[in-house]
Each structure stands twice: as structure tokens, then as C-alpha cells.
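Structures incoming, each one as C-alpha cells.
You will see subunit A twice below: alongside subunit B first, and alongside subunit C after that.
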Partner chain A sequence: MNDMTPTREQREAKLEGMGCKRKRVEDIRFTQGRGQYVDDVKLPGMLHGDFVRSPYAHARVKSINTEKALKVPGVLAVITAETLKTVNLAWMPTLAGDVQMVLADGKVLFQNQEVAFVVATDRYTADDGINAVEVEYEQLEPQIDPFTAMDPGAPVLREDLTGKNTGAHGPRKHHNHIFEWTVGDKDLTDAAFRKADVTIKEMISYHRTHPSPLETCQSLCSFDKIKGELTIYGTFQAPHVVRTVVALIAKIPEHKIHVIAPDIGGGFGNKVGVYPGYVCSAVASIVTGKPVKWVEDRIENLTSTSFARDYHMTTEIAATKEGKVTGLRVHVLADHGAFDACADPSKWPAGFMNIVTGSYDFPVAHLAVDGVYTNKAPGGVAYRCSFRVTEAAYCIERAMDILAQKLGMDPAELRLKNFIKAEQFPYQSALGWEYDSGDYHTAMKQMMEKVDYAGLRKEQAEKREAFRRGETREIMGLGVSFFTEIVGAGPSKNCDILGIAMFDSCEIRLHPTGSGVARVGTKSQGQGHETTWAQIIATEIGIPADDITVEEGNTDTAPYGLGTYGSRSTPVAGAAIAMAARKIKAKAQMIAAYKLEVHEDDLEWDIDGFRVKGLPEKVLGMKDICWIAYNAPPPGMEPGLEAVSYYDPPNMTYPFGAYLCVMDIDVDTGVYKVRRFYALDDCGTRINPMIIEGQVHGGLTEAFAIAMGQEIRYDDTGNVMSGSFVDFFIPTAVETPKWETDFTVTPSPHHPIGAKGVGESPNVGGVPCFSNAVNDAFSFLGSTHIQMPHDYWRNWQAAKALGVVG
Partner chain B sequence: MDMTGTERIEAPIGTVWLALNDAEILRQAIPGCETLDKSSDTEMAATVVLRIGPIKARFEGAVELINLNPPHSYTIQGEGKGGIAGFAKGGADVSLAEDGPDATILSYTVKADVGGKIAQLGGRLIDSTARKLATQFFNNFGEKLRSPTLAPES
Partner chain C sequence: MIPGHFTYHRPASMADAIKLLSDLGEEARPLAGGHSLIPMMKLRLATPEHLIDLHAVEGLKGIRQEGDNIVIGAMTTQHELLASDVIASSLPILRETALLIADPQVRYRGTIGGNVANGDPGNDMPALMMTLGATYRLEGPDGVREEAAGDFYQGAYFTSLEPGEILTAVSVPAQPPGHGYAYEKLKRKIGDYATAAAAVVLTMSGGKVATCSIGLTNLSETPLLAEDAARAVIGTVLDDASLKRAAEAAITIMSPAGDGRGPVEYRKHVGGIMVERALKRAAARAA
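What follows is the complex of A and B.
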């Protein structure tokens, strides 16, 4: 070995494989403003479409007069439900088994609902056209409050469902009822409550909010009449699903539909569903024969495309007087808005809400969810969380604090007492999940040690005394949260979307000179897949990450996949990538054995190639193997070096984490300061620690927004009161606290590389952590539960209600 | 939106009552009112330009007088549509009481709903804007009554 031979460390470093803080390759174009988003795509002769929207939350549409609009110079078409009926597209199926109006058909059911689509030569002209469309409405009584939606006299919202006593998820109890979903053993749970020493009951609301990605939803459709082909550029988190759904509802053969999701400026669940804008831009392109672009503005995004949460969770815990939990009973009133357009796997009308037993060993539990229609925008997407998991985590983490308060126990101690123990994994939960792996006690204790939990509690006790003595007007809260996520949908045995099984895929093609391309069925919206996917391949097959191009989002080239949401990319596609790489490696090993003239079993893998066991100088690197694979393969072997893997995971993965927030609140103004926020995440094997940290920062910032102010608020007539960033809280660097991150590593036993997914954990764990901090601050004044969001005004209201502010 | 108030107007109750039924005086008093045409003794059609926060729109609507109890009280109600800016509808109970022979106390209770973009974008400004508009209206209205050329014949 001469001096020029790279050391093992140098060879390893060159790969920039798993565990490397590799810089994000996509940032080279993003930081230079060279990303290519849908609105950057400009096709010759392109037209622009925009919507006439309803000012009413509930009204009958008596007439739509488009005559004046069509006379506006530059307006080419005005599409209404009547137009869409000619192609059977006035209504479309939702992902949740309901149907949704594409354009108002007889009625409008939420404010800003799409009524007509005006197509013009440019966006400004389209707006002029919108102003000229005359719509006559007859206002109807709106149903805004979900708690009264099933009252006997509540207005009928969905006249199309008259007489339908059964929906996609079973019987309907009322004209505004969508479904009831129950899981768990009710009798055993009721029995546990009868026997309990201590019980708590609280209605814990998780308010309506919105993913609000910086890039709004948009599409550009181009129909080629000669070829009969439809090309759709769009902000799609799941491009292949869009292709299949379009094929099914528009009756265009699937091979004649080309879906391209270019760079996406954030999704957070908002870009999973199918929106009227997509359908109308496609129909408009077919009608006009020209490409038609639709781009939402901010108000449209916040008020009409998928919201998140709006779960009202009546939560009860039964426990012994020593603080051992013995039962959990939860009833959820789920406000789905005007149409049930939740983006959940089809069999799960309330997503994975049955992860609500959290990180605790509940022997029995029962969950019931009632979904109701109201005159609000449809949605209910997983905003930076797996399906309804952040609702579940908020529910159980608040309830555990309330129980601790009732027992007079420290909330961290109560959690430690009830955690599922490391030796209980794989753990079967009372509500039906098999948790793959975890070590909760270690994570919790590491958190408590790092933040000096005991010291903080002591300081809090002193501050409370000082407050009582009138020496300070500031109260201190310690928010503890310990969450278990359930991600990686998912096993096709229980997860599908409209019958499409939720596997994922990867195709790797290595080139003769030792570089290659990997195409994956997921779609990055900022997660950094181009960086991390290449790292998995680098470690698996010894080709440097820099020599692998990662492509996603073009359905003509990428293998069929279910896209990116619910932290499913790494658990599902990450596994497909590793498995495809291993197929390549297996072929490479045959080639190496042939070239090195040994049996395959005599070879061992060594960073970037194979070597003969016991003969370290007899090596063949992957780069050389690539050349040989194409140009001199062993006799009888097909040339080439590529592989495809479709991966259907055997189980979900269960990331977890221990978070702590230290918050100070001035009772006279309600102003809070987040003094400290510590987040320990265990996402199993860590592919790129820098990207993980970035994901945690982003997720915590969104959690902070949601818990501390972000809300889609309606007044009692159905006006959206937070339809712009003036009223809808988006934290900037000014408001955002400093984040401290930490980790433990408990690999997933069933995942090829042991990775679990991390992008959404911080939102799941962060929201209860902030809320627990606020509630903990006020608890010594006699408060049990204060509803989110905890903005300054509400904190001040809470202080007033507790009588500490005059 | 709810709003109540009282105003003292330097005019006899009969004069105030007639003014409250006089389309021309109302037109001049209502801030932003472009047209106000009586189609009967109790029905009018109005065009009003309104600005709330970032939204400026022309509202067209019908106004109706009901519960007439001359010269003591009536209810004025209506609905205006501002196209994509949204809509406003509501009413005001207006009552008059003599405050000596030359002055009248006017009390009003307004209930109104606004919807659409004006409610979304102007939500936090609606109450203050409404109060400002009411003040402007009564200033204008009082002024018209003091001006002999415009005062209705009693």
C-alpha cells in the first residue's frame, strides 16, 4: 500500500453515506433562486384561470350569469357546474370516500367555495372576468358549531345525501353526521373506570389550523388534442395517485396522462388532496385547447384548500391512587367541514387516532370518533404529522398532565411510571397497534438530566412563592411531553388510498463509468430527498452520494409510488431504496466473484467494493464493477446494472421523543417567553444528522405556531376571520425560540436500515409540550385545562378568569 | 356586529322624523352614498361606496322602512351586495324622544352582518369603521337639519 492509497476513513468519507452531515444538494439551486416551481413553468399560449368564490357560508345558488364576464376582452371561457356536468365532473370523489362539488351545484356550503372558473389571457383579466360574473344567492342558515351540528333542528347541509343513511364508513345518525368510528373494548374499559381510584375527564380541543405552505396550491394543465394526452404540472405530494385518480374520473387512459410535480415549496399535508383548481384547469385546457394555469392566492389557500385538526376530544383516564393508569376513554367530535375530504388511508376515517394511548401501558382503552359536516372548508389533513397523530399525542399528553395534577404527582414521574418498558417491545397496544421498538425510560431520563429537570422544578416552586408574596407578576411553566409517532403508511394489508396500496418504490440505474440515477416514488417538498436518498445508496453500494442523481415527481420516469406525507418517505421509500441497492449489490457480487476468480461466499463487502476474505489486496471496487457489468459481464449474465424495488413494509415505524419547554408568562399582559426548548428525538438510524436537525427545527417552529396562536377562526355566520397572514400566525425569526436538539437511537427492527422517519415528530411532540408549559404555568392558580392556541390575549384572559388580574 | 348609541339633534321631533324619511337628506348624510332612490314611501334603492381596511367596494342594495310609528320610531333594514368584496345586511331600530320643543334625542340599535372579503380582511376593523361611519352620519344629518335650505318642510 503506497502513500497515495486512501485510508479506510478517507474512502468512507468520500462516499458521504449514512450518518454524514452532507450538505443539501438541492440548496444549490434553491439558495440561488433557481428552483423550478409550477408557477415558473410557462407554456406557449398559456391561459390563466381563477375562481368566482362564494361570500356566503351557506346559500342556495339561484342563478349564475356569465354573459357580462364573457364580454370582458381577454376572457375566453367561464366554466360552471353546468359545464362540468357535460363531462360528468361537477362532483369529484374525495380521498375519504365522500364526494365534493368541483363547482357550486345548486348550493354553496362554505365561504370561498368555488362557484365558477374564469379563463382568460392573463391573471388580471381573469380577475376582471370574475368581477363581471353575476351570481344570485339566497342565504341559508349556516351551521358553524360542530357541537350543535347533530341537533334535531340543525340545518341540512348536504342535500345530495338525503336519504343516505350509510356513508363510506358505516351508518349515519343524522343528516349532518358523516361516520362513527370506534375501536377498543368498551365493556372492559367501562369496567376499569368503575373500579378506578382516580379518574379525570376533560374536553381537550385541538383547534382548526392550516398547513399554509409558502408556495400555495397550483396546477398547469395542457391537453394535446392530437395525441389525446393530458400533461399536468402540479404541487402534488403524491403525483402517481393524481395520475390514477385522473384516469379513473376523467376516463383518460393512464398512459396518456403525464403528471409532473416540479420543485415544491412546502406541502405539510396541504398538497395531498385533489382540489377543484386541478380539475378546472384540466377541463379548461380540454375546452380551450390551450394550456391553463391555476395559482391560488394566500387567502384562497387558507380559506379553501385543506385545513388541519379541528378535533374536540373528551378524554378520560382511570388510574390507581399510586398513579398507574388502568383505562383510557376518548370521544372525538371531528369537524370535517362541508365535505369529508380528509386525506387518510381509506380504511381509516379518523386516521391513526387510535395511537391515542401514546407511550403508556394502558391495559384497556376505548375510542369513538364522530365526524360531522359544518359550513366550513373541507380537509382534515395531516399537517406535518402522520394521520391524526398530533391530535392523539396532544390528547394523551394533556390528559397525562391533568392526571398528574389531580394525583399531586410530578408529570415526568407519572410518565416514567406508566411508560411501556423497553423489554415489552414489540408491544401490542390496547387499541390495536404493534409498536416496533422503543426505549422510553432512557430517552426521558436523558432529557431530565440534560435540562436539570429537578433544578427547574425547584426554581418554579420558588417563583410561585414569590408570585404569591406579590414580588413578581411572572409565572413559570414547565411543559413535558413524551410522544410516540406512528409513521410509514404503510403495510398494504391495512393502508390504501382509494384501493391503491401504500407501498413505495425505487429504481436505481448505474452507468458504466460508476455514477447513476435513482428514481423514487416519493416527492420532496423540501425534505431533502435528493441528498438523503443518495446517502442510503452510497452506504449500500459504495458509490459516492455525489455521483447519484435522485429524481422524483415525474410519473413518466419515476416508478409508481404513493408520495410523501405522514413521514412515510424514509420508512417506506427509504426501505425500497436500500432493497433496490441490495439487488444491485447482489449482482455486483456475482461479477466480482467472476473477476476475482473466487466463490461469491469468499467475498466480503468493504466500503466501496468487494474483497476476497483473508486477501485484502484482492479487491474490486464498485466503479470497476459498473464498467464490467455493461461491457464484460460474466458469460450468461445479462449486461447492465440496475434494479427496481417495490417495498410493502411489514409494519409501521414508531419514532418517539422527550421534549421539554420552559416558559415564563406575564399575567398582566399575557406575554410569554419561551426561555428554553429541548427536543430529544429517536428516529432510529440517522441518515443525515444535519437534515434531521433542520427537520426538527422546522417542525418545532410549526408546533410553536400552532400551539401559540395559529388558527383558522370562523365567526358565527361562517366568515373566515383569519384568512391572511395578518391574522394567521406565522412565526418569523423574531418570535421563534432557540431550539436545543438531542437524540437517542433505537433502530426499527423491521426496516432494512433501521430508520423510522423524523420530519413530523417535532410537530407531534412540540404542540403538547408548549401547551403543557402554558397549562403548567397556570396550574398552581387553580386551572386544570386552558384551550389552545395560547396567544397573549388568551393568556391574559386565562389570568383574568383565575382572578389574578384585576 | 352590534352597535348602539344616542345622539342629541337640535331640531324638533317632527322635523327629525321627516328628515329620517327624506331620501335626499339621507343620501347626503350617509357616508359614501352615491344614489338613494325612493321607489315607494317605505322602499329605497341605494348605492354606497364603502371602504373597510384594504377593501373598497360599491354596495348596491335595497333599503326598507318597517315598524313605522311616526314620529317616534321605525326600523330601517336592508341588504347590500358588493360583488367579490362580499355583502352587508342588517337593520337599525331608530327611536326619537323630545328633549324640549327644539331638540330631539335619537337612539339607535344596529345589528348587521357582513360577509365575504370585507369580513375576512377587514374583520378587526369592522366595528371601528362602523362606529366612525355612524358618527359621520349623525354629524352630516345634524348639519343638514340646521341648514334651513335643506331642512324638510314641516
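What follows is the complex of A and C.
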């Protein structure tokens, strides 16, 4: 050894493995404007398509006249449902087992529904063509309110379902009913309520909103008639699923379909579904023989491609007078819009809503969900959350506060009293999940200590007195939330999408000189996979993260995977990456044993290579092993150093966290100020703390937006009232509060590296935290529950209803 | 979000601009910063066949003192207003208001002329111009005329501009020394129009309000001058009762639309609060 020999710390640091705040490698191109998004892809002879859309929420389409449009110079084709019927694509299957019109077939069922697709030489001309298409409508009575959708006299929306009393998820009770989904023991739950000392009941609504990624949905399809091959560039969170679905519905052999998801500017669930634009750009390319691009504008994105939430949750808790919960009963009315295009695993029409028992030890529970059709855009995607988990967390976290209020207990104290205890894990919940690990009491207490919870409550009590004395017009709210997520869909025993099991995959190929490439079945939309996947490999096999290229999104090269949503990438693909790396490491160990002339068992792993136990100077680094693997492998061993792993997880993972919000509200204007927001997240093993922090900041910002004003609003006739960023709340840096982050680490016992996933936790925990802060502020004036979103005017209305403003 | 076809013109002189506007008639629109017109065109809610861009017209920019008036060229951007020492020292309320318009990117393009001439009730400058007693210079085929801001606004997007006329300058009388001022704007977020806003300019004498002028933004189809509200505080020490009377008087002339910013009742209520808060802040600033 000489002075140039790197120390252990230096070798460790050079890897930039797990736990390192490695800078995001993708930011080098993003910050220089060199990302490559779908709209940046330009193919020779490319055409542009755009939609004629319905001005009405519910109308019969009496005629579509395309003559004038076809005369506009540059317009090459106008595709209608009649065109699509010739290729059997006027309707398409949804992920939720329903069917959806690709283009209006006889009727339109929501405002801005796609009616015809105009294909032209450029985007401007396509819009001129749209203006020249003449559509005659006969307006029908719209059904907007989900609460009256199943009234006897409610208009029939889905004439295609006439006579079908059974849907994909069982019997239908009414012509606007989609499914009823129940879980839990109803009799035992009812009995718990009969015996309870105290019960609460509240209809807790989670309003309709939208994931609104900055890059809208788009696709570019190119059909090669000579080869019979279809290439699709698209904003796809799950490119392989798109390939399989296209093969199944368009009857093109799967090996002749190439799906490429280039850089994606945010997904948040919006880019999981299959949209008419994708289908029409593909059909248009087949019809015209040229590549056809479709790019949504902002209004189209907000009003036609997948919304989120719209769950109306009647929630009841039974408890003892000491505050121990004894039962939970929830009924959800789910507004799915005109088609059930919910993006859930196929057997789960209400997603994982049965995580609604949250972090608490409910001995019994019962959940029933009724899905209904209305004249609104289809969707119901998981907007920065696992399937319906934000709805579930909002429901239980709001309800726990309401129970605390009824019992006269502090909401934090009530939670501590009812948490599942650390020693109860793995924990079997009353609604069927097995929670893998957790230490809720420690996290909650750490939060309370860090924010000086007792001090804040004392300050609040003083401010309330001052308000009563007329010395201030400001009220102070403390929002507490403690959430448990369920992510990592998922085990094939639980989850599939249209029959496709929800495993994920990784292929690692190391090169002779000691660098390599990893291809993964997920697809980053901002999560930073190119950075973090390489960190897992660096720690597992001692190759510096900088020497590993990560590729995703091209179905020709990436192994089959189910994509990125529902915080599934780290729990599922992250595991596949570790397992593939371990296969490589096992082969590397055989090579090292041969070269060092010892038995494999005499070797131990040391940061970036193997050494002989007890002889620290006898080492062989991974870089050298790569060369040997190709050029001088042990006799009888295949050359090369690569591995593939497909990982079917044994269970979901259950990240959790404790959040606190301090908010001040001016009752005269309803204007609020978030004075403080503290977020403690436990996502198990932490791969890159900087990326985790960024994820938490982003998720909290979206949670803030949703809770405080972000909403897709319809008027009584089904006009969308929030179809642009003027009315749809996207907070800027000015509105966004300052975030304080913290963590505990409770690894997942079943995951190869113990990681649980984090991207969606802050949205799941954040929304109830903000809403609880607003509700807590008003509670001393006699209010029990104020519905979201809590924008200024609604806060003022709440104050007015409570008699504190004139 | 794609505009229809239009022809783009870029005249170099006011005479050429007026001639184009007169010759092309109703299908032509002058283009200043474009922050109202272009979005409307992208939605095809406005479909002018001709756009007459005023950026090359000489003499439409700049801020200068003319006797007792400060004259601001129509093509002066909000950013240029913010950078002006003359505005900062003589008309600080103009600076305060300009800072509340949209965001820096919009203010680099958006002009004072476009802001006041478009007739959009959501724009902030019109009510302020009425409060300050400003006049607009209108040039057309029949020559030049001056119109008081208070007479200019007739309805939403409907003003007293005659066919062929272009608003070329805004003339603001110097405000009395020691005047107090405030522009209170409640908005949902950066970049939004006002849920309600109030402009106040006043002078104090012996602890009492001597003169007062109050303007209201986005609380009706047009900007409003709340004259009864102003009268309600003149001669008072701005005690709670007179503030309340002023707010009530202002509320009686408001007729906002119910929209995503809130229902009518809310917007009127906070309109009254903006009046009270602007009065208090203006009084605190008055010498």
C-alpha cells in the first residue's frame, strides 16, 4: 500500500451508493432545455391531429358533416366513429373493465368529449379544420350530481349498457350504477356500533381534481405499411402495458409494436390511462400512411383526460368513552363520470380504499363503495397516490379528528391511543391487508417533540381567548395527520391489469471495462430513476453509480414491466434491480474465488470487490472482475456478466408518516396563511435523501393545492368551470408554504433492500393535514366538518355560518 | 389554443397606424402587450383578421412631466413604470398597483395603454386612473381628443373609443403633497385578477380626512368610482363607524359576477373590506 491507495471512506464515497445525496443525473439535460419529450420528436412527413369536441355535457349527435373541413387546404382526413367502426375501434376497453367511446358514437356524455379527429399538415390547419366540421346536436338532460344519479327518474346515460344488469364487478342496481364493492364483516361491524359508548357519523367529500402534469398527454404514431409495424411515441407511465393492450385491441402482433416513452414532464397518474388521442393518432397513421402527432392543450388536459378523486365518503366510527376505537363503517359514493376509466388493478374497482382503517387497530370494519355514471369526464386515477389511498387517508384522518372533538380529547392523544403497536407487525387489518412494518408511536412522538406540540396547543388556546375578547380577527388551527400508505402494486396474488400480473423487472449488463447499463420496466416522469437505480446497483455490486447508465421507456430494449405509478417503482422494480445485481454478484464471487485461489465461502464482500477473509491484502475489485468475466472466465463458465430479474413482490409495502400544519385564518376574508408545516416520513431504507426531500416537497405542494382550492368544478348543466390555470389552482413559489422535513427508518422486512417508496406519501398525508388544520381552527366555534377545498371564500362562508362575521 | 388566420401589420408612425385601423375597419385590432388579446385569439373568442402592432410606432413610450401632469406613453410597459423614479416619487400608488399586476414576465410585456384601453373589468389600472382623475389621449382619423378616465368605460370590453381611434397616452394630474394612498387587492394567487380591489388617494388635515377618492376593481362590468363612500369619510377621523359607512356605500354600487373567486355575496363583502383597509393604510401614509 502507498499513500495513493484510497481509504475505505474514499472508496465508499466514489460509489455514490444508497444513502448518498447524489445529484440528479437527468437534470444535466433538463436544466439546459435538452430533454427529449414527445413533442420534440419530429418524423419526416409528420401530420398533426386534433379533436372536434362536444360543447354539451349530454346530447345526441344527429349528424357530423365533414365536407367543408375536408376542403380546408392542408386537411387530409377527418376521422369519426364511423371511420373507427371499420377497424372495430369506435369503442375501447378501459382498465376498469368498462368500455369507452373513442369518438362520439350516437351521443356525447361529457363536455369536451372527443367527437371527430381532424388530420392536417400542421397544427394550425388542424384547428382550422376543426372549426369547419359541422356537428348537429340535440341536447339531452344532463346528470351532474352523483347523489341523484340513481334516482328512479334520472336520465339514462349509457344506452350501450341497456339490459346489462351485470358489469365487470358484479350486479348493477340502476341504469347509472357501475358497481358495488364491499369488504369487511358487516354483521360484526354493526354489532360493534350497537355496543359503542360513542359514535360519530359524517359525510366527508373529497372533491374532483386533476393531476395536471406540466406536460400534457401526447402521442406520435407511425405505421410502416411495408413492415406492418407500428411505432408509438407517447407520454406513457406504463409503456409495456400500452404495447400489450394495443396488440390485443388492434390485432397487430406484439413484436411489431414499438412503444417509446421518451422524457416525461410529470405524470401523477394522468398518464396511466389510454386515451382517444392515442388511438386516433394510431388509426390516422394507418389511414394516411404518415406519422401523426397528437398533443393536448391545457384545457383539453384538464377537461377530458383522467380526473382524480370525486369520492363522497359517509364515515362512522364506534368507540368506547375512553377513546378506544371499536369499529369503522364507510360507504362511498364514487362519481366516475361517463365511463369507468379508473386506473386501478383490474380486480379492485375502488382501488385499495380498504386501507381506510389507516394506522389504527380497528377490530372490525366494513366498507361499501357504489360507483355511478354522471355526465362528466371519465377517469378516477390515482393522483400522486396509490389507488384511492389518498381518499382513504383523508377519510380516516378527518374522522379521527371528528371523534376526538366529540370525546373532548386531543387529536394527537386519540391517535396515540389507537395506533397499531410496533410489536403487532406484521399486522392483519380488519379489511384484509397485512401491514409489513411500522413504528407509529415513535414517529408521532418525534413529530410532537420537534414542533413543540404542547406549546402550540397552549398558544392556540390563548389566541382563541383573544378572539373571543374581540382582540383579533384571526383564528389558529393545528392540523395533525398520521397516514399509512399501501404501495408497491403488486403481488400477483392481489393485482393484475387486464390479466397482466404486476411484477417488475431489471436487466443489468456490465461491460468489460467495469461500467454498465441497467434497463428497467418502470418509467420515470420526474422521480429521478436514472439517479437512484444506479445508486442501488452501486451499493450492491460496487460499480460507481456514475458508471451505470439507466434506461427506461423503450419496449424494444427494456424488460417487460408494469411502469411507474402508485409508488410502485422502488418497492417492485427497486427489488428487481437489487435481485439482478445479486445474481451478478454471485457470478462475480465465483470468478473472484477462482482468481484468488480460495473457496467462495472464504471470500467476503468489501465495498467494491471481494477479499479473502483474514487476508485483507488479497482482494479483487469488481472492475477487474468485469474484465475477467469476459476475457478469462474460469474453465467451464460462460463468458459475460449480466443478469435479468423479474420480481413478483410477496407483499405490498406500507410507508407511513406524521405531519403537522399550523395555519392562521382571517375570518373577515377567509384568507389563510400556513405558518408552519412539518412532515416526518418513514419510507424504510432511504436510497437518496435529497431526492426523497424533493419528492416530499413536491407532494406536499400538490396536497396544499388540492386541500386549499384545486378543483374541477362543473355548473348544473355540466359546463366545466375550471378548465384553465386561471381557475384551476396551481400554487406558485409565492403561495407555496415552507416545508420542514424529517424521518424515521423502519425497513420493510420483505423487500430486498428494505425500501418502501415515498413519492406519494406527502400527498396522502398532506391533504388531511391541511384540511384538519382548517377544521381545527373553526372547531372551537362549534363546527364539526367543513368540506374541501378550503379556498378563501369557503373559509369565509364557514365563518359566516358560525356567526363570527356579519 | 390555436388562433385563426390574421394579417400582421407593423406601422412605423401613428398616422400609418390610424390609417390602417380606419381602412381595415372592425376586423382590425391594435396590438400592444398582447396579454389580453392574444389569449382571447388563441381561444378563438377574438378573431381579428388584422393585427396592427404598435411596437414600432415612434413616440408611444416614456414618462414625462408636462406642467402639473405626468404623461405616460401608451406603450410604456408595467416594468418600465416600476423602474421609473418619477413614478416612484410622484405617483407611488401607480408603482404599488403595477407590482400587483400578474407576474414579472407579464409586466415586461404588458403596457399601461393596453391595460386601460381594453375595457377588461379585471384590469387594475382603470379604477386607479379614475381615482387619480387621469385623462386619456385618443388619436383618430378626426384628430386628437382627451377623455376623462371616468367617462371612458361603458361596459365590459366596451369603451368610448371611436372606430379608428388609438389610446396614445395617459395623463395623470400630480397628487397633492403629503397625500396618502393605498391599493388593496385580494387575489387567489399570483397572476390572478382581483377577487376585489380598492384604490384610495386621500389627504388629511388636522387628523381628519380632507379629500378622498376611492376606486374599485373587478367589482362590476366596469371599474367604479365610489363617490358616496369617499364622501362618507371626508371630515371624519376614520373611526370604525365611518369606515363601516364607507364600506357599505361602496358595496351598494358593486355588482360583481359570481365565479371561481367566490359567490357575489363574498366578493361584495371583501370589496367592502378592501375599501376599509385601503382607507386605513392611506391615512397612515398621509402627512
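Criterion: the second predicted complex is superposed on the first by the 806 of 806 C-alpha atoms of A that agree within 3 Å, B and C clash if a C-alpha of one lies under 4 Å from a C-alpha of the other, contacts with A are read in each partner's own complex, and residues count from 1 in each chain.
Note that in this section a contact is a pair of C-beta atoms (placed from the backbone, for glycine too) under 8 Å apart; a residue touches a chain by one contact, two chains touch by 3 or more.
Just so you know, these numbers come straight off a predicted model, no measurement behind them.
K.L.:
Name the contact category of A:Arg509: first (subunit B only), second (subunit C only), both, or neither.
P.N.:
neither
K.L.:
Go through the superposed model and pick first if A:Arg675 touches only subunit B, second if only subunit C, both, or neither.
P.N.:
Touch status of A:Arg675: no partner.
K.L.:
In the three-chain superposition, say which chain, subunit B or subunit C, touches more residues of subunit A.
P.N.:
Counting contacted residues of subunit A, the larger count belongs to C.
K.L.:
By the touch definition at the top of the document, which applies to A:Lys186: first (subunit B), second (subunit C), both, or neither?
P.N.:
Neither subunit B nor subunit C is touched by A:Lys186.
K.L.:
Counting only touches as set out at the top, which of subunit B and subunit C does A:Lys583 meet: first, second, both, neither?
P.N.:
neither
K.L.:
If we overlay the two complexes on their shared chain A, which of subunit B and subunit C does A:Thr303 touch? Say first, second, both or neither.
P.N.:
Only subunit B; A:Thr303 stays clear of subunit C.
K.L.:
Given the touch rule stated above, what does A:Asp715 touch, subunit B (first), subunit C (second), both, or neither?
P.N.:
So A:Asp715 only meets subunit B here.
K.L.:
Output check: A:Thr732 vs subunit B and subunit C. Expected answer is one of first, second, both, neither. What do you get?
P.N.:
second
K.L.:
With both complexes overlaid on chain A, does A:Pro55 touch subunit B (first), subunit C (second), both or neither?
P.N.:
Touch status of A:Pro55: first partner only.
K.L.:
Quick check on the output: what are the common subunit A residues between the subunit B footprint and the subunit C footprint?
P.N.:
131, 299, 721, 726-727
K.L.:
Which residues of subunit A touch subunit C in the complex?
P.N.:
123-124, 126-128, 131, 297-299, 668-671, 709, 713, 721-722, 726-727, 729, 731-732, 734-735, 791-793, 796-797, 805
K.L.:
Can you list the residues on subunit A that touch subunit B in the complex?
P.N.:
Residues 52-53, 55-57, 111, 130-131, 299, 303, 715, 717-721, 723-724, 726-727 of subunit A touch subunit B in their complex.
K.L.:
Report the residues of subunit B in contact with subunit A in the complex, numbered from low to high.
P.N.:
The contact residues of subunit B facing subunit A are 83-84, 86-87, 113-117, 119-121, 123-124.
K.L.:
Applying the document's contact rule, which stretches of subunit C touch subunit A when the two form their complex?
P.N.:
Residue positions touching the partner: 1-2, 4-5, 44, 103, 186, 188-193, 195, 259-263, 266-267, 269-270, 273.
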